[in-house]
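Next, two complexes with chain A in common: one pairs it with chain B, the other with chain C.
On to the complex of A and B.
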């Protein structure tokens, strides 16, 4: 009896420690990645951000970074009103029907569509119509169209997460549906909404694929392509011969720091939702 | 209170039109009762979500007594928003489908390229999911079930912060890791082909983990409490209660991750560009020629425009299939969330 329980204890300890090891190893690789980029990229970044590579002002990171930030903000601002209207309508006004479920499924499917599709849209549909040289506008439009289904489903999901009692009480007080949605449900879901918008912005700002496609619409003789930070990194990586140079690490560091900052803001906003101790009581944690 | 009730129910007092149809008597009775008293009546709710919103006025009711033909208010504005969104998204789909149909009809496709690209995409995405899913399941279980709260929070925050890492950065890291010791032409094809799934796994691991943690947290504590009350140990609870309850979420995560890994462009593209040196025959890069890579490279070099749309349609179809499969597995939600 005694040896058996001891053996079980040993087995439990082995499994537990392997779980801990795996988890910390995986998280450690992610942290190591950031650490490596800081290690290799911090020095070059300080140099390149202002003066560019070999004092070539065209490759200075600061304007490119600003352009990327501008793109993220503008795309979110363009897409948000329409997306919120759609989300509110689908969640609060539309009757629950099979058609509604189909529409929701379609929007969700498009939200999960790979970004290269939206790049293809810019390359094949927007670029020929809007004319040459308007690459910045096309990138902006393609990003906004890409964000549109994401933000719609996000609004819908956030509204659906609001407890039904809020809706019921508001309606019982005589508020209209719009008043309920705008003054009760949206304020309740505000933090989640803001966090999801930040996540969407991080995604738009970090994705190179749409810009790669749109930049390919014209030969480079038409002038500088619309560089955002990820596209800049991609094109300088592909264009350079030989192993990665130090300024690549600088660009990558700036890129990853931007994404981490946006995500950090999102995590901070959703702090209340992120209650990890919900299911297991605190005193139970760490025991096995 | 009476006024509220009147306001809520007023427009639907005459519901005779709802009583026509092939419904059974019992359902009709339940529905009748639901209309009469939506708060207390059990069961059947025509609106699904919340019983009270069903009685509020819609456009048709507002126009019922008047001789106006249109009503323009918030509901209509929102309807327009939804219609505009659907129109834009429909235009995206139609654009791709039209291009694909056009090039399929023109019949000058190199179908071999398309088929290999699709197969490569599927293989790489499947590899990434196979590597990342078990690891993130373990991490999610550790975060929600096992860890003391501080380590759990530390890992959770790390995972959340890294969940939107730009894929170009991962591509750069992969390139540095592969070419640090030998030039890209000397790397064995197997190594080159194995690197892509590993790097993609690095990208989807944080997303998997946060998805699974969200899912595990949805499982009601009463299930765990019942398991403990029956005398089960922690391992038994995890193995026989938590894991079976989480299985649908794991499957959903797998499908969503497949879609995400298939659609990822930059990692594979950077590797492909480095290994191929610009031609398709290079041995190391053959397995890296995925659908998004093919689309981007074709567009960049203006090779065959007709294939781009077919490949885009393929990747759309794959992504739709995976996301709808994933959604099917997430349908179950727990009642009485605690």
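On to the complex of A and C.
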């Protein structure tokens, strides 16, 4: 009896310590990676910011970076109104039904689709229609379409998370569903929404697949596809011979810093929460 | 005894179903204008369902079915073509455990008027001041109208929700369980406000406290398991209940 419980205790301790160990290992690897990038990339990045171009490759990084930022912001701005409309409709108007549940599931599925699918969409559906010289527009549209289901489901989830008493009390005052969503529910959820938009932007800015997809199939007579940071990294690595050069590390570092800034802002936004002391969370979805 | 005035709200053969479950059964009840009517009954008797059916708030659930009529000044609020937002403006509901919006005190009270299209600042100022006075909160908050409503105490929050409901100038005010989750001092304060309000409004309150009904109401409607058991002036119902179930409830013999 004694030995068995002691043995069980020992097994538990072993499992626990190995979990702790792997956690530290994962964090350590991540830190090492970032540290290595900083070590190799900081110098070239500082130089490129100072002189505008990489000394050894001659390529300008800052315009590419600005274009990436522009793409992220424009895609989010394009997708957001439609996505919020969809989220508001699904959360506030649609009746609970099997069809509604199915639509929600479908949008969720779209949101989790690998991004290359959206590159495929841009290449297959948008490019033939928009045609020559419109590469930037095609990449922008493909990215916005990629964001659309993500931002729709997050709007829906954020609205569902608002304490039900706000919806109830607003409607009881004679507000319409739209007024209720727009004036009470969305303002309550605005930090969550903004955080999710930033995360979505980080995803758009860090994703090379749509651009690669469009670039790969693009007749060279149509001109270059718009170069974004991840695509630049990819294409310059593919095009170069030999090991990665210092400008590759500079590019990678800038990419990672951009992503970290956006994610960090998102975390900050989410941390400041509404203080609803004595609130209504416990029975909000129940009967009243 | 209270003089019987015109009926503000008339329920005719009103039944409410949640899916297959019947919560209210063929209610025929007239709510006198300019008086306070207490709807009493045990938990699950259908008090909240009745209040919600008077302002079409039961419709927030998808599986609700309402049969019969509810006449507001003689007009059926359930007839097709009726603007539900206007019904809810005229018949205000302060549901159980109301909660201020996460906005300033001013914006909470001004919310309703703004939703109904009032924009002018000085007009809103007037409404906010008047409503907060009516709710007995003006003196406590007049210096900090721009503070978050969430910084108020629970009792003040409850008063603020009354002010918020008064700001749209309703004709009827339905108050569900005003004592819920509040300390006795706050409850006493709210009961004082209710006594003031019934001079100007038609009030309907749902409560399971006989004492509270005795203190503030002019009429009592007693519900049991979705049926209207008894209705009459409060003093009559207390002195000479007609139904045994009412008597049991009054004397505290819950069945």
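Observations on the model:
One rule holds in what follows: the second predicted complex is superposed on the first by the 236 of 288 C-alpha atoms of A that agree within 3 Å, B and C clash if a C-alpha of one lies under 4 Å from a C-alpha of the other, contacts with A are read in each partner's own complex, and residues count from 1 in each chain.
To be clear about the criterion, a contact is a pair of C-beta atoms (placed from the backbone, for glycine too) under 8 Å apart; a residue touches a chain by one contact, two chains touch by 3 or more.
On a predicted model such as this, the values are computed, not experimentally measured, just so you know.
Of the two partner chains, both chain B and chain C are touched by A:172.
Within the superposed three-chain model, A:252 lies in touch with chain B and out of touch with chain C [touch as defined at top]. Legend: residue contacts after superposition of the two complexes on their common chain; A:95 is shown touching both chain B and chain C. In the superposed pair of complexes, A:206 makes contact with chain B only, with no contact to chain C.
Contacts of A:184 after superposition: chain C is touched, whereas chain B is not reached.
Taking chain B and chain C in turn and counting the residues of chain A each one touches, the greater count comes from B.
On chain A, the surface touched by chain B in one complex and the surface touched by chain C in the other have residues 95-96, 167-168, 171-174, 176, 274, 276-280, 287-288 in common. Interface residues of chain A, counted against chain B in their complex, comprise 12, 15-16, 19-20, 22-24, 26-27, 29-31, 33-34, 36-37, 81-86, 88-90, 92-96, 103, 105-110, 112-121, 123-125, 145, 148-149, 152, 160, 164, 167-168, 171-174, 176-178, 199, 202-203, 205-209, 212-213, 216-217, 230, 233-234, 237-238, 243-244, 248-249, 252, 255-256, 259-260, 262-264, 266-267, 274, 276-280, 282, 285-288. Chain B meets chain A in the complex at residues 3-4, 7-8, 46-50, 52-53, 56, 74-75, 77-82, 84-86, 88-89, 91-93, 95-96, 99, 135-136, 138-139, 141-149, 152-169, 171-173, 175-176, 179-180, 202, 205-206, 213, 216-217, 219-221, 224, 234-235, 256, 259-260, 262-266, 269-270, 273-274, 292, 295-296, 299-300, 302, 308-309, 312, 315-316, 319-320, 322-324, 327, 338.
Note for the complex: chain A touches chain C at residues 95-97, 163, 165-176, 179, 183-184, 187-188, 274-280, 283, 287-288.
The touching residues of chain C, counted against chain A in their complex, run 48, 55, 57, 60, 62, 85-89, 92-99, 101-103, 111-112, 114-116, 150, 154, 157, 161, 164-165, 168, 176, 181.
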